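What follows is a pair of complexes built around chain A, which joins chain B in one and chain C in the other.
Moving on to the complex of A and B:
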């Protein structure tokens, strides 16, 4: 099935020794619902492409390029955590092939250390967390990170309070 | 038959389901010390039962991740590579009905209907027993290169169903087969292609993976119209090893079979000989 999520053995339709299937087309009338455009995605993809192709020893020592599996996992993580309005994060390679994803704003800082697929150390520091911040180990659910990013985007209430 | 005895009693069961293909698979961290030139060693692990070989482009890594509910996020092709790529190999059984797919971060086992489409589905219990042996064999080989375990990052199980119209020459009436796509007596759509996703949660309520259901109209090689109904369960195993992977695949299978019975109609169940 074309575009299917299943890793079917019938993907090579013309060459399959068994049943070949093709979608049949009828009326050209279609309703297409597109995903919202996420502004951060293109610059992140571009940067990720550079990081997986780093030369071994890129840091002057024995630094490895960012792992291909880590890069793909990190993109899926960002897709889950970042909405349309999320600011573009900075991507910093680690010497072990891991990846640090960071946001630094006036409202606070968030850092996600992607050590391996399903192994992420998330840290943030805001006015509410104190100077040491807070740290959480995450696997595949990034709802918490989404709420942290949303807090970074919230309009400051300090101004309103002062005006009152 | 031992395999049938082990089938969970609560699961719906059909005498002649429209099953055309079943895929069991795991994705793992690329093993240390392995290079593509060693693919022949991996082939030799399975050669006795799977003597045929074909080379294909690799599958890209796939992960299920979770965020706020209702955020639509599809698996997109990121379109970059890490430099040298590793091919995917098919190791085929003599009649082609079963195959192993291998690349440096994947192992999958497919069963499919072939030829006149009458070959019998070996049933999940037998397939997963064999897959367990194949996984351990691969883990032992990787451990011989460098001390390591198979570090499984995702598992997947897919059931591909080909639902043919009762009158193969007629337009397929989706409402006869799929509860969620009934157009009544109105004109039937010429074609459709749709999908939905559901979160699979563990006993602790945390998301473990997703069930992805895809339905689309298609033609088979005899030019017969049909609905291809594909159910895939994918997610992360806990613990991230072979036992965890097998546990996820069993849970995913139950999720698939239950969903299949829920979304298909009673009259379809009669056609397929529902016995449970």
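Moving on to the complex of A and C:
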């Protein structure tokens, strides 16, 4: 019951974050503004709903479900950093109700450890970073993550040209 | 033989320690949930680095089950760590963890009298090192233990 209420509240908030409704009182003509279709968003929303409803102890110890505030923040962060064509990330819960967002592609690996709202450890490993990768602490500016994700989508030949 | 009670602070919380009753070749088992698996670039399922992380808060470490304690209670280890529904687990040797600078301690809790903690550095590179050190104990079919 509690999980269901949390889920409904989460869905309402997530949807309100994705859509803006502005009253229009001028011409009777209808003007609609459509959200761009982001292929990654529906699977991410579905996974988030599962993770906020995890049972306490889901990890075999004392693991907490993903916090509502963390899920909401993570979704807003993804909205800011991921374009329409971004690959769908994988979401892994942490024992403390935190969350890790991961991409593993031919072009590289990205892991965003969302420890709390505005507390993210961003890590990536590509051919240019070496095997240990690079890690940056982020708060509310995710332009770096957006550039990392954009690089995942670049054709392989672009890297060769840039390197040359 | 049961493990000696662990050291506690004034609030009654177990403090980080290296328990002398846990020998170097004793198993330290970490349960793995289906929720902690990811798929790599080749479509191979693996354990996420997020599965090897300490809890937050004072004295908090990474929760584990202590093999020697379970055996000492006359229980089957694989059955114990898979009951009631936990689908997989990996095993470290306590000595290998200590060589990496970790402490392996005993922290019995009401729902798990064989519960232990591993204390130390769980930064990202260290978590990947932990993944190299562990082997499947109760494997999840088709899933690799090491990081992507």
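Rule of thumb we're sticking to: the second predicted complex is superposed on the first by the 129 of 164 C-alpha atoms of A that agree within 3 Å, B and C clash if a C-alpha of one lies under 4 Å from a C-alpha of the other, contacts with A are read in each partner's own complex, and residues count from 1 in each chain.
In the analysis below, a contact is a pair of C-beta atoms (placed from the backbone, for glycine too) under 8 Å apart; a residue touches a chain by one contact, two chains touch by 3 or more.
Being a predicted model, the structure only gives us computed values, none of them experimental.
Undergrad: Look at the residues of chain A and decide whether chain B or chain C touches more of them.
TA: B
Undergrad: Check whether A:45 is in contact with chain B, with chain C, with both or with neither, and answer first, second, both or neither.
TA: A:45: touches chain B, not chain C.
Undergrad: Scan A:72 for contacts with chain B and chain C and give back first, second, both or neither.
TA: In the superposition, A:72 touches chain B alone.
Undergrad: Applying the touch criterion given at the start, work out whether A:53 contacts chain B, chain C, both or neither, answering first, second, both or neither.
TA: first
Undergrad: Show which residues of chain A both chain B and chain C reach, each in its own complex.
TA: none
Undergrad: Considering only the defined contacts, which chain B positions touch chain A in the complex?
TA: Residues of chain B touching chain A: 20-21, 23, 25, 29-30, 56, 59-68, 71-75, 78-83, 90, 96, 99, 101, 105, 108, 110, 112-115, 117, 151, 153-154, 156, 158, 160, 162, 189-191, 193, 195, 206-208, 212, 214, 216-221, 225-226, 228, 230, 232, 234-236, 240.
Undergrad: Chain C touches which residues of chain A in the complex?
TA: Against chain C, the touching part of chain A is residues 51, 54, 57-63, 90, 92-96, 100, 102, 104-106, 109, 111, 113, 121, 123, 132-133, 135.
Undergrad: Give the list of chain A residues in touch with chain B in this complex.
TA: So the residues of chain A in touch with chain B come to 1, 4-10, 12, 17-27, 35-36, 45, 48-49, 52-53, 65, 67-69, 71-73, 75-77, 79-81, 83, 116-118, 139-143, 145-147.
Undergrad: Please name which positions on chain C make contact with chain A in the complex.
TA: On the chain C side, the touching residues are 31, 33, 35-36, 38-41, 48-51, 53, 55-56, 63, 81, 86, 89, 109, 111-112, 115, 124-125, 148.
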